[in-house]
Amino acid sequence: MSEIAVLPVRVQLFARYAELLGASQVTVRISAGGTVADVVDGVRALPGGASLPERMLVAHGVDQVRYDHRVQADDEFALLPPMSGG
Amino acid sequence: MSEIAVLPVRVQLFARYAELLGASQVTVRISAGGTVADVVDGVRALPGGASLPERMLVAHGVDQVRYDHRVQADDEFALLPPMSGG
Amino acid sequence: MAHLTSYPIQLDALIHAVLSPSRGGVATFLGMVRDQHAGRSVVELGYEAYGPMAEAECARIVAEAETRWPVRVAVQHRVGTLVIGDTAVAIAAAGAHRDEAFEACRYVIEELKRRVPIWKRERYSDGSEAWVDPTAPGGTVPAMTRAPE
Amino acid sequence: MAHLTSYPIQLDALIHAVLSPSRGGVATFLGMVRDQHAGRSVVELGYEAYGPMAEAECARIVAEAETRWPVRVAVQHRVGTLVIGDTAVAIAAAGAHRDEAFEACRYVIEELKRRVPIWKRERYSDGSEAWVDPTAPGGTVPAMTRAPE
């Protein structure tokens, strides 16, 4: 049985992004060794994902994270629309 | 009976000024045609008045007034220590 | 005190959380739901948050303010459905003097609006809805209208 | 609402006096009695005012703020004897947006302290008393201690 070098990555969606994807959480599969940019591409490839903006804020846990962050097993991400609290 | 060209002028005192004079209101007599400066001099001539500062804020009714304001009959004044509200 | 709440915000509770006998200046800010936005008549708002991150980010902002100025700060943001006049956000900052209280209070609301993952959806008098988005032209992006409940 | 009061100040009442559905930003300031001043331990304060002029001057300051910014402003100052933690002064300023609310609130407290004829007398833990005087070296001038009542 060969090892499959693919990570399932859970991504939370909020507000308008959740509305566009019709889901508040999705799971995308990226190659082991991939980065946040690959996660974002994975979400954008889902139905409705093409309407997401080119650049989005991404959180890793409770912290913002850069697109070049290398994804580890069990990492959880969130795509954040522009904040509009207050 | 000759006319006496003297105006009695009522002056309110507050806070430390009232404490120095031992009164919250005094009446001084100034010559008709006199100014606020004469009123202040009159107060300063009263017992305890020598301890008042050289220059003081003076109110005419509910407005600050200048020392060269000419006093009219029935004018009422107040000597205001430096404000310390808030 | 949690920074996010589904219940009406009590400003008094925030003020009491920051008071002490040595603090003589308390500055507060209340953000209330307005009846209009960008020229449209608003009837209702919904606030949605990424809860764990919003809590963490509020805590970071409070810690920054308390490091930068000699103050104690409290902040709460409401989530869920709000109507006109409801308090969406409240901040209280107390210091020995008013300068630091005002500056810290102002800092917290500016950083909160910029950094805390909370999103506002407006419903207008014509029945349409939009997401508020400070980066969008006009400040909003049309939302899919929810089916009537 | 009178600007001077002998009773505890209710911030909520000031806020409600300035609210409206079109005003989304409310900035408030509370000046509380501190337990120390200029390094001395304060136990009690007395505020004395030239009432008619203090009312008139507060009204002028409110009118100035409401002319300069698109806001509604309310302000109250306590007179009489206060203890640590009592609210001496409260201000609420409401506008459509927070900028004008903060600026108007700040304006009112600065002008009030400078122009409204109110005087503060402090009693310290050693029994001595002083008049607060921002123009005096050290910020106070010794007062004649009142005879015990």
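Chains: A, B, C and D, in written order; residue numbering restarts at 1 for each.
Here, a residue touches a chain if its C-beta (ideal position, glycine included) is under 8 Å from a C-beta of that chain, and two chains touch if they have at least 3 such contacts.
Note that this is a predicted model, so its numbers are computed, not measured.
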For chain B and chain D, chains touching each: none
Mind checking the centre-to-centre distance between chain A and chain D? Centres are C-alpha means, answer in whole Å. 52
When the centre of a chain is set as the mean of its C-alpha atoms, what distance in Å lies between chain A and chain B? 77
How many angstrom lie between the centres of chain A and chain C, each centre taken as the mean Cα position? 27
Please set out, as single numbers or ranges, the residues of chain D touching at least two other chains. 31, 109
Specify, in ascending order, the residues of chain A that touch 2 or more different other chains. none
Tell me, which pairs of chains are in touch? A-C, B-D, C-D
Chain A residues touching chain C - in the complex, by the definition given at the top: 12, 14-16, 19, 59, 61-63, 78, 80-86
Within the complex, which stretch of chain C touches chain A? 31, 47-50, 52-57, 77, 88-89, 109, 112-121, 131-136, 141, 143-144
The chain D residues in contact with chain C across the complex are 11-12, 15, 19, 21-36, 84-85, 96, 98, 101-102, 105-106, 109
